[in-house]
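Following this message is one structure expressed as structure tokens.
Going by the order they are written in, the chains are A, B, C, D, E and F; count residues from 1 in each one.
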Amino acid sequence: MSSKKARKEPAKKPLFKRPSGRGYDELRPLIIKPDYMDFAEGSAYLEMGKTKVVATATIEEKVPQFLKGTGSGWITAEYSMLPRSTEKRTPRERTQGKISGRTQEIQRLIGRALRTTTDLNLIGERTIIIDCDIIQADGGTRTASVNAGCIALAMCFKKLLDEGLLPTFPLRHLVAAVSVGIVEGQRLLDLDYQEDSQAEVDMNVVQTDEGRLVEVQAAAEKLPFSKQELNQLLKLADKGLKEIMAAQRAILKKIHPVFIAY
Amino acid sequence: MSSKKARKEPAKKPLFKRPSGRGYDELRPLIIKPDYMDFAEGSAYLEMGKTKVVATATIEEKVPQFLKGTGSGWITAEYSMLPRSTEKRTPRERTQGKISGRTQEIQRLIGRALRTTTDLNLIGERTIIIDCDIIQADGGTRTASVNAGCIALAMCFKKLLDEGLLPTFPLRHLVAAVSVGIVEGQRLLDLDYQEDSQAEVDMNVVQTDEGRLVEVQAAAEKLPFSKQELNQLLKLADKGLKEIMAAQRAILKKIHPVFIAY
Amino acid sequence: MSSKKARKEPAKKPLFKRPSGRGYDELRPLIIKPDYMDFAEGSAYLEMGKTKVVATATIEEKVPQFLKGTGSGWITAEYSMLPRSTEKRTPRERTQGKISGRTQEIQRLIGRALRTTTDLNLIGERTIIIDCDIIQADGGTRTASVNAGCIALAMCFKKLLDEGLLPTFPLRHLVAAVSVGIVEGQRLLDLDYQEDSQAEVDMNVVQTDEGRLVEVQAAAEKLPFSKQELNQLLKLADKGLKEIMAAQRAILKKIHPVFIAY
Amino acid sequence: MSSKKARKEPAKKPLFKRPSGRGYDELRPLIIKPDYMDFAEGSAYLEMGKTKVVATATIEEKVPQFLKGTGSGWITAEYSMLPRSTEKRTPRERTQGKISGRTQEIQRLIGRALRTTTDLNLIGERTIIIDCDIIQADGGTRTASVNAGCIALAMCFKKLLDEGLLPTFPLRHLVAAVSVGIVEGQRLLDLDYQEDSQAEVDMNVVQTDEGRLVEVQAAAEKLPFSKQELNQLLKLADKGLKEIMAAQRAILKKIHPVFIAY
Amino acid sequence: MSSKKARKEPAKKPLFKRPSGRGYDELRPLIIKPDYMDFAEGSAYLEMGKTKVVATATIEEKVPQFLKGTGSGWITAEYSMLPRSTEKRTPRERTQGKISGRTQEIQRLIGRALRTTTDLNLIGERTIIIDCDIIQADGGTRTASVNAGCIALAMCFKKLLDEGLLPTFPLRHLVAAVSVGIVEGQRLLDLDYQEDSQAEVDMNVVQTDEGRLVEVQAAAEKLPFSKQELNQLLKLADKGLKEIMAAQRAILKKIHPVFIAY
Amino acid sequence: MSSKKARKEPAKKPLFKRPSGRGYDELRPLIIKPDYMDFAEGSAYLEMGKTKVVATATIEEKVPQFLKGTGSGWITAEYSMLPRSTEKRTPRERTQGKISGRTQEIQRLIGRALRTTTDLNLIGERTIIIDCDIIQADGGTRTASVNAGCIALAMCFKKLLDEGLLPTFPLRHLVAAVSVGIVEGQRLLDLDYQEDSQAEVDMNVVQTDEGRLVEVQAAAEKLPFSKQELNQLLKLADKGLKEIMAAQRAILKKIHPVFIAY
């Protein structure tokens, strides 16, 4: 009740109109092309609206120092944007000789999401590197990267399984991510760049196909938010995540019987 | 219901015993010394158990490019650990010529927390740099940094106010942070290093003195978690945060009447 | 005479068979998609066989120091490969904190090729940055970059012309590049990666639509070569370059009447 | 004779008055707290006036390449200042991606001082890293670091001895350092920042408890100086060094009988 | 015929007069001093006019990763200019923390030239590093480096041969390099800095003592050039290269009988 | 008296024999060539035995930030060694992306020596960069750099004076440097590399032509030393410095009447 008083958006005040004309709980058009690359062990091309990402999986027959001799594998991610993926050109990070905090934050998020939903002991002492390269960026590049990375990883596991190098399929769950936020008091699903840049609250949710949370990152960009608002946003994210995972599942099932379990 | 079945920790199975003997919802001993440094515009020394941090505030009479001419100010944070703050020596970042992703993530968190609770327009075109240097690290260094940083910032604003350089006090709220997590199925408040390194779920909560959220970062380190667990952890954090803010308030009130509002 | 004796390849010894089954003077399938990107001022996607590149043009309203006040513009190029563009993953250059000699050589080649065929005085004091990002690499990435870069640059000039920002069209010539080489004594046009890695002589030729040379880079990888061989390779390159420029011209003519001159 | 004419300071002209009111041959208040840190193998906190330093000793079970197989150990030092240790904030060296010449000079000085007074053969193939972190800087940070480093090193050796890892105590001598200088023609002991910045001659002296020299670094900041002046400054330093070593000795004797020899 | 029409320089239009008064096909005075350095395994000092270079050869008993176990050796080159080798001081590359594209291009050229003319299998698993340090730079520094590097390498092989470490002499050919170019329509041999900076076409030719090509790098600096012009420049370079190799041969023959073969 | 007992080297025990056969107080052969370079504003080539250095002076019409508007000038120095100046090749510092502590220490020493003996106010707001490049290194490279740098600086001032850009000559004194040390108990002047590497005490002395000290750096490499030994070494250095300054003076007087004053 009290929260309705505090923020009566759906009912009483004129709603924020999404520039794209989408409904507040509507995802952008989603396109996934598995096996997009000729040389990688797994790959996927994914579009969420104008946001476009190529994800590839590379297998390295070694693990970080702290895993040597444990029999366990590792998954790590790298993320980068083409310089002209953005409205205004973004200089290459190599030019500046350092990786930005934003890039590192995103890489860590992608890596954690994929590790938490994989049984690393089944991989053996291998590292899978997931490269997420943003061809075009219109908001939601980190969530698109998780979504594409999950497919690239699955394709890579399929290849290892086909070659008899895995005892069983190590992906415990499908995993997907989506952004939600509050713009002019209106909760929105899957923000594009313009919406994101004026959001009062910005939140990324990573979730499994069982509806359990892998990661929640919520930040007040302008004004602190209530626990009730947090829960409303989680619910909105849940709707979008179910749709994304349905698309992932549909793709994978066509490719290999092992994916029918997901 | 089903979630209760899945994880009936408080009721039925033997509880995880905290190495320090603390109760599951008990903070570590908290010590705050304001004005710890001779030269800084604001400063505080803060201990949460063995975790010890020095925070200083520096005023620079300039703002980042994107704020020039807007009349608004900025707050930014830097974070670093003494090499022997840790059990095993951590090499200095300058030696490696780059700032780690972890450091950058923490710096961004501290900066956002302090900016969101400050009226940046009242500062004028100035940047306040909050330096958080960890003398000793036993878990929770980022939350200790937010807690110390809030005091250093308040002391710095007091100094500007005393000098007639501010029209009114720009701190809208006290802000504090605490970690919570799940270890062996047991929810815990204010994890030390040993607890943190075995946590199944790890979460940092930044909150204002009105109980509204500034930032929530929750990550499944091993197994995904339910939305119910998220809310239970938020409640546990809320208890600790109220105690920390009471300590901050007590310190500040002794220093200057302006702080009585908080 | 004596050189014929030294290398009688076409006549007497069994010919090197190209792995792809191509004829010795046959280009790989060529695909060009102009306006591939939503945000760049000009762009093109280009495939030569499995080699795939995205080129974009960005306009910056400034010039390098040495051109300030001269009224002349500048064109510069950046080149990068996605890490998994290659058979074996290539680490990102940002990770190593330096740009390799190979990358710099290629960037300088692309820049010179486009500058030499443009009337820089017509651009005004602007810099056009041509970003060439290799999505997949199967040999000939630098020549594919010149070919795609020429289209991206033309699209960018068209945009400036449409907006009334140019007095006349500054592209003096179409420019294209191709590799030629000698493998097992056999001269070949447009080498793929496998051919390139066993070439005895490797040569890149950049040429205008009038058949004049912009750049020739010939290197004996294993054994020195004669001046006669140099001229035979130039002739073979000329055949391929005419075909590439025909494709470029066909694309451009469909887009804008200004391109009918080329 | 002639030098007395040239500079008759003590006798005839009005003396430079030290801002702190100290006598010309008076040290600043000296505080030493051994075992200041919980995790390091040895540590000390030391204040000389407003200059405050934390020194820690870390044992690594390896030596630099050139010592491998010799049975000898090594001691090395790192030095850093907290950004707000100074009146005006000093940017972190990691931000600039390089270590300044000043920092390197100081690190080398501390390392040499401690190595020369230790029997490295007794340590075995171990490296002791002495980290000197300046909490606050008011002149004399390098000499304070040597003084604190000596205690941290002694505490670390005591720990190794207690654990039976050393045959005998490897510290041959106590070692201490102090700055002396000439300000407005007046010789001064233990310069603070304000004095140091106007010194005509600046000198650091490192000495053992037998009164022998380990290092002398004398530099004319403005005007060259005579050999007589050099000797007068050495004598002044000697007075201060004896007092510092008395304080070091007093601390150590309380801790362990092995220190009674010093 | 047709070329005379296109560019009748020698006959009809006023010739470009070389600032030095040299004929169009005249080299600058060439001085070579072998064994210039006391410590290197091979060395040479070389002057071409005001361009002065010191080349040294260093033997390392290891090879790059890709050659390990093959029995083959490697030759690599480094190139650097003294800061005041140039009219205007050139900052040191170490200051900028990166090696320029120009430097890398030159290093690669020198290395390829020397590798192509050496039988690497005869060296055994050793790397020869050729350091070319430009004492003074007046154009043609990369070609002077190849010319000096060839002598330093030969001296180094002689030393290995004298010590019985080589089965036979591994240098297959003398190798030399020279620049040619077109300035104001006039073809010129061995351009100095002033000529080079106004050249319309710039070309470096690396050739063996049998007159075969090792590398050709031709670039239109302003206007594209014809294949006929390319061949005329090659012929002009050939004249200069024969003279340089005669000087190299004269030096080497005096030193050791093994050089009589060249 | 007591010190004679402690170390009776000259009298009673067999003397250390210098590998070169030099007397204990004998300099190495000294060669100075002024105006060695064609392009620099001042330059000198200097040999002390096998140690060879090229020093150049470059004038920049700007000063460091802290001198802007003061009317005063600045002198700074850079130091570098050719990779094969040494017995064993020393990798270039640019390769490692950082400048070593040793290099920085030397650069600072050279700069201080030349600044202290120059009237910086007479230079106007200019910076003179003294580049000292070591062609060959056999000990004493920092002192050779000071000695060569003094000549290069004098030549540069002469040029500015000749051009009417200086009111009067700004060099207050000649300045020279030399190393002294104790090897096997024997005091030695001007140590070469072999002597230096076994020295028990190592000392560099920078002095003016009036015999006053500019800088003294004395370090016990193995055993601490007495104040008496310090003074004996200073006396030995004084002998060598007088000879070096005589050679500098002789060179300069031949060049320009302004140098007769020195």
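Simple rule for what comes next: a residue touches a chain if its C-beta (ideal position, glycine included) is under 8 Å from a C-beta of that chain, and two chains touch if they have at least 3 such contacts.
Everything numeric here is computed off the predicted structure, so don't read it as measured data.
Touch-path distance (fewest steps) from chain B to chain E is 3. Chain centres here are C-alpha means, and the one lying farthest from chain C is D.
Listed candidates were E-F, B-D or D-F; the one reproducing the A-B interface, defined as more than half of contact pairs identical by residue number, is D-F.
One inter-chain figure worth recording: chain C and chain E are separated by 27 Å, centre to centre, where each centre is the mean of the chain's CA atoms. Put simply, the C-alpha centre of chain A and that of chain C have 36 angstrom between them. Residue numbers of chain B whose C-beta contacts span two or more other chains: 97-99. Chain contacts here close into one cycle, and each chain has exactly two touching partners. Listing every chain once round the ring, from chain D with chain F next, yields D, F, E, C, A, B. Chain A contributes residues 98-101, 104-105, 107-108, 112, 116-117, 173, 207-208, 210, 212-227, 230-231, 234 to its touches with chain B in the complex. If you check the complex, the residues on chain B that touch chain D are 37-40, 43, 50, 54, 56, 58, 60, 78, 80, 82-87, 89, 92-95, 97-99, 129, 131, 133, 135-136, 138.
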